[in-house]
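Each of the two complexes below includes chain A, the first together with chain B, the second together with chain C.
Presenting the complex of A and B:
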């Protein structure tokens, strides 16, 4: 044995490409944004360091903070709808798909997954057409079953628009939790299932008592992916409702609020510094959420090694 | 398309370079890529025929990319000789940065009224930096066949206007008015700023608001919201989710009788609609009242001070200010009206109707565009949401006025 460890130069060489690309595309812009949020321009047009003044405006000035809390609240509701609708249905679909007796499982799996690979632009446009009170098929279909009175121009009403958009997003992304859970269910060894059957645990109780505990880590991962995805969301709202996130900002989420502030809108000129402050706030919100998950939840999940 | 155009550019540059080595070539930056053919086939040949030795190339960018692309090119010093100017602050910022030359001394500037020039002037009016090209006029376009069938006269007062709407609604064949609130801007642009000048007396009110002597809580600024609140009942089912293209289609398919419009719709509607159309200006309070219209300055052209051919560019700008250009442009693009003080002969009947209002009414521009949308919250963007809230009835006109006034006063000193 040689004394001490040899310097393993190849590790650095192998890591370098990924590290360089990641730094150039992610780390440096991130720090650029963080520093930009601490700067502002004076009347004379000079760029000066202002410390936390931008954040004081964002949280202290009612004009800014109202918009911010509105966006954060909407964003939280957007996330809640996904957690309550998308993930349970995704898990249920995966459980149904993994039953061996189901015929045409491959077809269902593909059909349910297809919306996920569609562009936001297509999804937003198609759903706007479906729900359109003028040309849409939704009023006609409700009329056929005698429920026309239930129809409302959902995307145009303050009270329904955000939930409608969240459900459209659920429709689009339901395939992701389904696929992940489906893979997790398939990886449960047959011995475990057989042992359960020997003990007389079958059917639904087998799912609740045996399979669900075994896929909990996957559900955790899905939750955190949903969280990060939802708090970074922007595209669907922008495509369906525009940058003003109407009606009356009822669908405004952090992404659209950031976009309007940073790039400006119509007559409003862009404000890169306040925009960077919002981006930084978003970064810390997501960071906090991920940390809570990593340190409080994931460490307590029991893992089973097969 | 783009490649062909670039190729054409290259070829034409190469050819003209060889044949006319002494020619000067001017390049125009613009966002009007829709107008490329009109510039190439109509406007530029007319100029070149009258001014041998100067060649002009029209080089547009996509509208949404224009401001960013232009700023980058100006900073890098690679922008064209002539710059198409957006109204108000976007161009004012370019002028303040030294990217647009002062054109106050240009001879043809005398052909434009102060209102026409206001969109491209410094706040004190001391320097004008773009030659005004065109404006758009607001009003209402109506389905003349529907009006004839229902026996409705073109309304001139508000009472007649709402009586007409009631009649159309009672008949039920047509949706009285085609407008939605989904995209929000129509409510402000074709709603509030369309009917508003009649209440705040056009320029008088607009300038008083800028000076701080009138407030958005004053009756003349709140009343248009009260009128908009009555509109909701006459819009189509589910107008809350109706988009701008939806409204255009509803009208051109003949399903709606009245369309709150901007004149830019004219060429599109002419090709789409199969029925006879007419137009009327925003109705006034009582018969005989002075009418005010929104005649909004929209497009102009200026000079890049770094241009190597500033003298030739000024020849072109002078020509843009002439009545010859005005006639060419206004007829090629019905709905974009010349700002030139000399009246322009136009062929399109609908465009003629719109422009005839300039003689009998007082012109003004959209109240929120000059100076008042410079801060946060942005008054123009706020007006979009406010107009929608008024139509839907989710906020009372008085509350809207108070909210907008508070927002404006938070950053605009004369209103504090």
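Presenting the complex of A and C:
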């Protein structure tokens, strides 16, 4: 065995490329962004340390803080819709899919996962076209079931646009919770299920009483994945509503806010330092979520060893 | 009685699954079907299949003449394949080092690399762009390959080191006794054995790279280096009123991913169902 040999240069060779690329493009830029958020330029063009002044502007200056809290609130709603719609439906689909001896299970699995592999650009435009009042697919279909009066240009209305986009995102990503829960359900040993059946626990009550407690760790994982994904989202809103996240910023989330701040839009110039401040805020939001998951949720979930 | 109850449940199960399958596939179906129809038919009868009476390829001809889709496609291929190569090779090397050798800081390094699984690389964008500007890599495919490699490495190292722990020690030690170097053991013995895991990692890494809009938009928006995702976004944005062209461009963007997915779907699903349980 190599263990214990005096010269083990090969370990360094094996590790070096991955560590170099990862450190140079992920860790260093991340810390670069964090430090950049503490800097600003003076009118003379000098780069100076300003401490937490950028954050004071972000949270204190009404011009910035209104936009920030709006984006954060929208982002939170975006996440809530995913947790209330995407994950329960995903779990239900997985539970149905895992029915023993279900025919065509592979077909359903493959088909339901298809939206997940499509890019946001495709998803955004496809739904924009379908929901468009000009083309009339959505009103036409509602007409067929006699509900035409319910139709509204959902993406264009301030009160519906964000929820509509969240539901589109749910449509796209439902495959992920479905697959992860499906995998967890399959890994429950047959003996546990058989023992439950012996005790007369079958069907729906079997799901609630036996399977659900066993898959709670996987539900924890899909929740944190959803959280990180949602608070980092950008593409769908950008494609469907543009960088201005219309109508009237009602679909603005942290990702689009960061993009607009960093690169500027229309007449406003980009501001890398305020952009870095927003990215830093996002970093701490995501970090808080991950820590809550790791230290509060994950440690309390009982894991069963089979 | 029992049998009838279970038949009823099976029918209900199929009903739910078919409903969601239709929900999942319908939008894609509508787009692809309508891309083959004439402008009049798109609006008059959006749900009908293309027929000889309304068949029209005008959308595809517009797309072919206007956008440089072949170039975009090539760029996406180069970026994706390049990043995949780096992620798989460097990721496997690091995973081997972490899983095979005991050395000081092993666990710490593993945690350091795992950090990237949870924290999105996008948050470093401000500094990445400054770095790329400083090194003159803006508007090159190299910039994208580097960023995507960093993005893909953490998960690759994590999954691959789990798999490499299962490779038998006896085999590696037999190789060592025969005088093989550590490099030969890695490339000749271990890599072939973890090929299924490599395929899984490849599929996982590929999809977000191919579909990414953020980094191409920021690091490589130039015409010659545009990826197909950015290219179709810009293209469709310009042709909002030309419905034939928009539908054709969307179909062209959907098809390559769809074909790849159908080819690799078994691998992908097996990968998820194997890796997720732990």
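Everything below uses one rule, namely that the second predicted complex is superposed on the first by the 286 of 306 C-alpha atoms of A that agree within 3 Å, B and C clash if a C-alpha of one lies under 4 Å from a C-alpha of the other, contacts with A are read in each partner's own complex, and residues count from 1 in each chain.
Note that contacts are C-beta pairs under 8 Å (C-beta built on N, C-alpha and C of every residue); 3 or more make two chains touch, one makes a residue touch a chain.
All values reported here derive from a predicted model rather than from experimental measurement.
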Touching partner for A:239 - first (chain B), second (chain C), both, neither: second
First, second, both or neither for A:140, with chain B first and chain C second: second
Contacts of A:257 with chain B and chain C, given as first, second, both or neither: neither
Partner chain in contact with A:207 - chain B first, chain C second, else both or neither: neither
Contacts of A:68 with chain B and chain C, given as first, second, both or neither: neither
Which of chain B and chain C A:184 touches, first, second, both or neither: second
Superposed model, chain A: greater residue contact from chain B or chain C: C
Chain B versus chain C as contact partner of A:121, first or second or both or neither: second
Which of chain B and chain C A:218 touches, first, second, both or neither: second
Common interface residues of chain A - those touching chain B in one complex and chain C in the other: 135
Residues of chain C touching chain A in the complex: 9-10, 13-14, 16-18, 20-21, 23-25, 27-28, 30-31, 42-43, 46-47, 86, 89-91, 93-94, 96-98, 100-103, 109, 112-113, 115-116, 118-128, 130-131, 146-147, 149-151, 153-154, 157, 169, 173, 176, 181-183, 186, 207, 210-214, 218, 229, 232-233, 236, 243, 246-247, 250, 253-254, 257-258, 261-262, 265, 268-269, 272-274, 276-277
For the chain A and chain C complex, residues of the former touching the latter: 1-3, 8, 10-11, 13-15, 17-19, 21-22, 24-33, 36, 89, 92-93, 96-97, 99, 102-104, 107-115, 117-122, 125-127, 129-130, 135-137, 140, 171, 174, 179-180, 182-184, 186-187, 203, 218, 221, 224, 228, 232, 234-235, 238-239, 255, 258, 262-263, 272, 275-276, 279-280, 282-283, 286-287, 290
Touching residues on chain B, where the partner in the complex is chain A: 88-90, 93, 180-185, 236-243, 246, 250, 368-369, 373, 376-378, 380-381, 384-385, 388-389, 392, 394, 407, 410
Of chain A, residues touching chain B in the complex: 63-64, 128, 131-135, 139, 152-158, 241-242, 244, 246-249, 265-269, 271
